């Protein structure tokens, strides 16, 4: 299966590398980026990608290419989905599809109507720890799901320039947790209440965002969800989920680089958490790409559908509105 | 120091036993309960308590008794505080003082005006694990406090008869967590949002309460708090706190009866949690009574003051109102 | 049941206190110590022990006293056992009975012939963690026992004066682990190999002892045991057991004062271990005394018999001989 | 750097795959195996290895090939080392070099005299957990090393056919632990005492081996080591190390596939250990090959030298002799 990669930034390169190393079913024929430069060309050569281009059209119009990976900036996702669908190509698209609900719906519809696969890049679903919790929940080992708790904290805030255009903490950071919450719950969220504070960097506040946020989720089935985010955890990347149900409680601990511990006079010291997201989710990126290859090659449903791409955007919109207006917001209020 | 115990129910007996075993500074002179029966009389003899009575007045009017423990039903607390204060006796009162804010204020004022010690029975402040987290926070080891998370789940719901009169989950269960949140934060709560569901027992819903509840707290200093409660955790008593700050994150794990683990073919199995609250907090009950004895004997401030008894009641009232009205409620709205 | 305590040193006082607090079936009538002083007399008063004496005979000859606790120096144990047995008194004796095998046998025989209970003070059998491992093993959860590993490390070496007379590390320290090994294995040791080094304090070497020791045990049933001891672990009292079998592996973690953890930039820090043995085994001392009271009151076998007192002494003798002669030593070689 | 692989069994293929994926400095030019078959040829094609052969000579005599990986059966290692050295090729050789001490010395000497790099395949030195413990020790965080404890248990015994020719548990299994012990101690072993039992499978006993073994090590610097091995741990691959010293204790926990835990009424269940060695040490195999590539490319000493290949063989010989003769055996007795 020949694939093309649109967007050669950090995430595009991660996927390219993972495909070349671990996804033998796929062969990258081309990579395109409007800012194509020498470094990316060298990267393409090192990964034996035969074609580079500044024009995504070269990929979208190449009849040999069966599937595309959309790794470009968010504002281009919806268009590229539509164009790729029009060309009958299967699509892996980084999250989020878009922040405009109508555009998201249109893009999803285009893929559906064209009968092509569409998978959204919610990589955490493929993480070994979260997946083990998910499996416990799906096997019924916690019984009926009553509470879901998700902690997600980054080692460092992103640059302020990014904060200003990212859509805010709910869109660029908590969106992963919105997806994780639905994934674990197996039920849709109907209402959201958000609390937010500026505790890490006043500059983030001046940029119109918060850096510490907590969101309550009401699920259709009565379960309640809690997500907390912080832009800065000095101890590193902190990612934990917990699902409490009628028959038990499944949870994972934060992932650490080693199990080594040092017992000293004033306490025992264990490893610090990962400081870099790519180290933390190395395996998850590989697994999601394998899953996409499998879906395309064996005509199976993708494990993260277009609809899975829509709902977290709705939740982010509701959270932002809740924070702004100081009240619970129903998903139906933002789902226009 | 001679003390009298008003109320010989479960908690009154626990305090009586702990005093007789572990608080040599105190000597229990009398125990009173309107439902005094043979079993309680036998208990008093076994603990070498010389006087039993059906009338709390026998204690309140005994000039030899320096301090009273008010362990009677909640609706009597405020009155007994006022009467004990009028007699110049130091007071340990079980939580909550009352659910009527005015009565709480009056009772606290009475103790203050009389110049007697008043300590409220928020025993969890004395738990070895929560205290260790508290110490880390107070020593500044987490830096500025940004997030507080508290999980509190009971092994079994109380009898429905109790649910009907207890004031609901916020008053009879989460009130401990409201206290813990303030204790850990070192800052006051200004606003509360509550979500609740009936997932454990429909009978609890019929009794007008929820059995699963999550509350968001907004603190004066910008920190955000999260409390989750469930009336039923099949795996036992689950009590965990986490304080995330600018310099680190302090947390405790649930307390287990042993550290033993069994590694088997299908996973490693560790001890189940405590199934009984009294087992879980054995040491905390002893420590709180020692602290009270110390405050009285050495004329030190009590570690849980009358005001510490007031705020959780306000938070419970706000949470109940938030759940009822489906919106965030400011503490000032209920603080009449 | 009236009891008398012979020996009012640290361990005698611990038992006295525990009985007065937690063993209502027992009443301490007298305590005797040749070095009886004011401090001990004050202690006796505080525990409401009516009689103090310098002469153990006052206890041994008191017909009202049903049971004695022998907490005096080791060299007096065997004689006191014989005298107490002659008076028909039940006996709790601190470990070890003696280091002379013949004297041990004679003492055990005296108790047996007199039909009195004899319990030896191997308190670790009653520890909540080790007991939980034991229970897993006895319930068959590890299947056939193949390996037993025991770590036992003290926070600080004892005074050199003690080292010179204690009989050495195998007698005064590892003897607990010898007992634990038999307890967990449910099989007798047939051979011992000891390695020892002086790594903590050269003074210990000058006193003729080692401060770091490892012993291999061969059990009758083919299982193999490993014990390691160090006189000094800077991180505190370290006590762990592991039983590996055909169906699984049971083990406990070192006991810590709290479950609190602090996540910082350079790692997560958990509580240091206990620095004081009495804190670590608080509950075990209570449980062993309750078990003795139960054995006497209900005419049940004691949970640590005279024979249980003999075997660890044999193992210690064999270990010392092995270290001296640089070869494996069979238990039969020292069992004269 | 062009490399050739001699031996296309399981371990040869693992190295080939890792090099093609993760070691860009190396290019595999040829793979040779006397039992070359279609499956291996297909494997070679899939990894883009241009040449396959039944004759190791084709690799040894190829002037383009700079380095060889010797992954053939143990009895061929020493000869191939000598031949490769004679051709001036750098050498990565699987452990052990040989069981004949003279042949080991000759092979090491040949590599030294030829001035080629020689690295032995003790992959566990590169494991993330063991390495973290090693780093703690080397940084001095445990102070002076007093005790080393290593547990190593396999999920299943190897086939009896293998047991008969492998040289026994000390040679084929504990040899990794002998290496680890030296690696962690930073001191040489002078004496060994071995205990062994047949507790897993009587067939192993009939084949002249034991399936459960414990070895005591005496180090030159006074430290004491303990290694325990079992051919069968039902709960999976169990690998733990502990280094206890004057300033602290470094240890790792067994590596688990996930951190997920399930809290149930009868206890909390964590993930079972890895059941397959290749899964457990995935990263270690990659790291050791990168280290070899680095040593060759940058003319650095290899991290596991020929001498590091010799000592574990001596320890295995001493352990076997100790078990046979029932006495401690000095390394000098087997170092002929």
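Every chain is named by a letter (A, B, C and D) in the order it is written, and numbering of its residues begins at 1.
The rule is short, and it goes like this: contacts are C-beta pairs under 8 Å (C-beta built on N, C-alpha and C of every residue); 3 or more make two chains touch, one makes a residue touch a chain.
Treat the numbers as computed from the prediction; the structure is a model and nothing was measured.
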Query raised in the report: Which contact partners do subunit B and subunit C have in common?
Result: A, D
Report task. Between A-D and C-D, flag the pair that has more C-beta pairs in contact. Result -> C-D
Requested in this report: Could you grab the centroid distance between subunit B and subunit D? Build each centroid from C-alpha atoms only and quote it in angstrom.
Outcome: 58
Query raised in the report: What whole-Å value do you get for the distance between subunit C and subunit D if each is reduced to the mean of its CA atoms?
Result: 42
Query - Multi-chain contact sites of subunit C, meaning residues that touch two or more partners - result: 233-235, 238, 247-249, 263-265, 271
Report summary line: In their shared complex, subunit B is touched by residues of subunit C numbered 21-22, 24, 46, 128-129, 131-133, 136, 141-142, 247-255, 257-265, 271
Query - subunit D - residues contacting subunit C, complex - result: 143-144, 146-147, 149, 151, 153, 193, 195-200, 212-214, 216, 218, 222-224, 226, 228, 230, 232-235, 238, 244, 246-249, 326-328
Query raised in the report: Which positions of subunit B touch subunit D when the two form their complex?
Result: 233-236, 238, 263-273
